[in-house]
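Below, chain A partners chain B and then partners chain C, in two separate complexes.
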Partner chain A sequence: MTAQRRLLRFAFILLLVLVAVALLGPFLVARDPMRIDLAARFLAPLQAGHLLGCDQLGRDVAARLLAGLRWSLGIAAGATLIAFLLGTAIGLLAARSRALFGTALRQVTIFTQSFPVFVLAVSIVAVIGKSGFATLVLTLGLVTWPVFARVVQAEASSLFTREYVLAAEMMQMGGARLLLRHVLPALVPSLSVLLVFHFADMIIAESALSFLGIGAPLGAATWGGMLNESRAHMLTAPWMLLAPAACLVLLVVGAHALGQRLREATA
Partner chain B sequence: MAERARLLARWLGSLAIVLIATMTVLFFLVRLTGDPAIMLAGPDASPQQLQQIRQFYGFDRSLAEQYVVYAGKLAQLDFGASLADGTPSFDKALASFPATLLLAMLAMALNLAVSIPVGAWLGRSRQGHARRVVRGVLSVLQGFPGFVLALLLIDLFAVELEWLPAIGYGGPVSWILPVVSVAFFLAPKLIRVLEANVQAALLASYVRTARSIGATPNEILWRHAMPNALLGATALIGAEFAFVMTGLVVIETIFAWPGIGWLLVQSTLNLDFPVLQSITCLLVVTIFLVNSATDALQLVLDPRLQQRAAAP
Partner chain C sequence: MSLLSVEQLSVAYGRTTALRAASLQLAAGEILAVVGESGSGKSSLARAVAGLVKPHSGRITLDGSDLALRPRVERRAIQMVFQDPDASLNPRHTVRFILDEPLQILAYGPAAARAERIETLLRLVQLEPALLDRRPIALSGGQKQRVAIARALAMQPRVLLADEALSALDMSTQSTLLDLFASLRRETGIAILFISHDLAAVRRLADRVCVLYRGRVVEQGDCAQVLAAPQHPYTKLLVAATIDPARALQDPAFLARLADGVSVEEETMQ
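Right after this comes the complex of A and B.
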């Protein structure tokens, strides 16, 4: 096993641990991530039962990291799911209909993809003016679906010309059954790789948005928000920067490693 | 000649379609998601103020009427005045463009300056401890969101070591950290592609021919393999350039770099909608131009693509 493969395996296991921690979180850490304790301001790590120290308001960094992990995973999973469902549906439709409708769908896809995703997300969240879980999930999902549509459309159009699909069509197999039985299964390998990498992208996008103070409710524990707060206290409380930065990088590297493994396995 | 004119007309046509589509989407997004008067006036406005704003902007008229007025104004590049200071919003967006362009150019230059030699070195051979370590570092670096990298660099070089200024646009020294953070965020991807392309090129038949007529390994790498590797990476380089021209929202905010991303965040937080509209329009045009330039460059660099495009 090469060093790189070992690194991949390590990252993959780490990702699983993070997801498990997020699911079991409330049972592991009893501390309230929002509880302010001015006596514990800037408490260094490993003191008075605060594993990772406290922030500028004396809130427990570990508890906030955990709450942020649940938030990040939830947003990324939701947004990925929406982008996946919408993108796959549109991609299949665009590949299936050769008439004006299909061309129009392809053009819309190209147009949406050529848009600066992050700019669009920022302006949509700003325009809607409401922050919260649903807004963020919907925005990120609705802005990024072309990633899936492009791939599905390209692969499905070539599938629709394959003999086994043509044969099924000739035997009067209906549209829905044809898609479910013969087209979608063939798309699973590339879609699963895409899902994982998209999930990582959504984690980054969410943390960037919450870093800017856009999307998450005021005061909520998010990794982006923690990173933003840490900027004013880098010299006195470097753990406020390093803890969320390390978690974010580990999560993204873990997801990338998983995607890499899937790609190698299906290639 | 007629061929060229037709291509140009088609190009202008698609630019127009993209612009019209963008502005239409923006228009209906604003009208559908809430009362634009409240957004323009802010949540604390009195009912009289709201009424005034509705009349002033014509929100009391029908949606179709509003759309025609809106489109007519846009056709004259009139995006309205910035709500923050009353200056024309399009001029404001345009004024922030040079800073973004400077950061984008410097970052892309550093990105290429790092990626080409590293990609060539990695693609040259599979063996060696050093290469293995570099590959591992690259795969970890790929997981670093750009702004996290920027924060860590600030912490190390500006706060702990105090070698460099943490923010600013003041002079070349203050450019170092923003440029390095952007370049090191872009480089891993480009290095990976160049590495794979160099590896593939070194196995190609033209390299075998070059070797057989006595070209040295360095000649082969730099005169034959690397140009082809770069050719294959043109699309990625174009995409990265489009990204740095439009996507540096967080980096610009961190370094207080007065570019278009920074302006976007400021006007988002202030709900300065005319400026947001101008920025969006400007970015759509930029992306369109960069994409067209990338396509054209690929055609110029690789005549094989021209033949393929000309064939029916």
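Right after this comes the complex of A and C.
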């Protein structure tokens, strides 16, 4: 096994562990991630029962890290799901519609994708003026669907000209049956790779928004928010920075490694 | 009255006209060959008849009814066998699934009745039931094409379009499939629109022939008659470009050239 493959396997296992930790978080660290304890301010790791120490308000870093992991995974999964469903539906419609409607859909996709995702997301959250889980999920999902639409439209356009699909059309097979039996299964390999990479991108986008203080409610435990708060104390309390930064890198690298493995497997 | 009638049919892709006012008739149980070089409009004709491309003008009637004005399900009476056996079958499905799907669409009956029908279809196309659980990747080109024919027959069509259905196969497989088309016509009475550029295959199979050149029908009539005494200059060129072994071996000049060491390939090139 090459070093690259070993690294990939390690990253993949790491991702699974992080997901398991997120699910089991409340059982692993029973502390309230929001509870302020001024007596425990800047407490170093492994002291007074705080595995990763405490932050500037005496909040338990480990508890906040796990809460942030659940927040990040939830938003990334929700946004990816919305982008996937919307993008796949629009991509299929664009591929299927031969006339003006299909062209219009393709142009809408290109137009939407021409905006920088991050700028668009910040603008939408600012306009909505309401922070929270649902706002972030919807915003990130609604600004990133063109990624899926472009891939689905390109692949499905080719599939709709395949002779086995034409044969199914000649049987006057219903549209839903045609999609479910002949078109969508052929899209699974590329969509599964795209899903994983998109998930990693959403983790980064959510963290970046949280870092800027956009999207998450005030005081909520998010990795981006933790990184932002740690900047002023990185020399005196480096654990506040290292813990969320290391977890963010590991999660994104793990997701990319999984995407890479899927890409290799489906090539 | 003919079973299928194509009247003044034109097909265009953007500004390119592939078929210009083509007309032809196909009677029940007849095999009509459509011949012509690449780009002559043969496949456009087949796809328009199949309903896969929208004609620019003209009409297609089945039993006298304009198909454009009839419910789309009536187009099930026309099925097609495509050129590329590898692309004709969904690689994810087994032969059993591929043949069962049209029967489900037709609401043919319970699973047992469908299984019986699948066996009948396999017998018709001379395939072994042992192939039923294989996926297309485990079939030869000829077997794939037979499965594609069986799938088309499962829809109980009245017209079968064979669009260059033999051209991707080796000579011996082509020969057995030609026999299969002939036996299908005998056993089921199906009408076949046989699209090909292989005049030897056409001569062997078709009752009538229709010659397409640059999107236009330039000549049509009885197959033996058209190929023996072509009238249109393009048909003459087309016939002259192919060797009919039976006729060539009767030609003293041909035999003399062969005796002088000219190979059959070189002779064909001339």
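One rule holds in what follows: the second predicted complex is superposed on the first by the 267 of 267 C-alpha atoms of A that agree within 3 Å, B and C clash if a C-alpha of one lies under 4 Å from a C-alpha of the other, contacts with A are read in each partner's own complex, and residues count from 1 in each chain.
Basically, contacts are C-beta pairs under 8 Å (C-beta built on N, C-alpha and C of every residue); 3 or more make two chains touch, one makes a residue touch a chain.
Everything numeric in this text was worked out from a predicted model, so none of it was measured.
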| item | value |
| --- | --- |
| Chain A as common anchor, with chain B and chain C clashing or fitting | fit |
| Which of chain B and chain C A:F211 touches, first, second, both or neither | first |
| Touched partner set for A:A245, first chain B, second chain C, both or neither | first |
| Partner chain(s) touched by A:R162 [first = chain B, second = chain C, both, neither] | second |
| Touched chain A residues, chain B compared with chain C | B |
| Once both complexes are placed on the shared chain, angle at chain A toward chain B and chain C, C-alpha, multiple of 10 degrees | 90 |
| Which superposed partner A:R231 touches (first chain B, second chain C, both, neither) | first |
| Partner chain(s) touched by A:F115 [first = chain B, second = chain C, both, neither] | first |
| Contacts of A:L100 with chain B and chain C, given as first, second, both or neither | neither |
| Touching partner for A:A39 - first (chain B), second (chain C), both, neither | neither |
| Shortest CA-CA distance in Å separating chain B from chain C in the superposed model | 10 |
| Residues of chain B defined as touching chain A within the complex | 18, 21-22, 26, 29-30, 33-34, 39, 132-133, 135-136, 139-140, 142-145, 147-148, 151-152, 154-155, 159-160, 246-247, 249-250, 253-254, 264-265, 268-269, 271, 273, 276, 279-280, 283-284, 287-288, 291 |
| Of chain A, residues touching chain B in the complex | 2-4, 7-8, 111, 114-119, 122-124, 126-129, 200, 204, 207-208, 211-214, 227, 230-231, 234-235, 238, 241, 245, 248-250, 252-257, 260 |
| Chain A - residues contacting chain C, complex | 162-164, 166-173, 177, 181-182, 185-186 |
| Sites on chain C touched by chain A in the complex | 50-52, 72-73, 75-76, 78-80, 82-84, 87-90, 92-93, 101-102, 105, 148, 151-152, 155 |
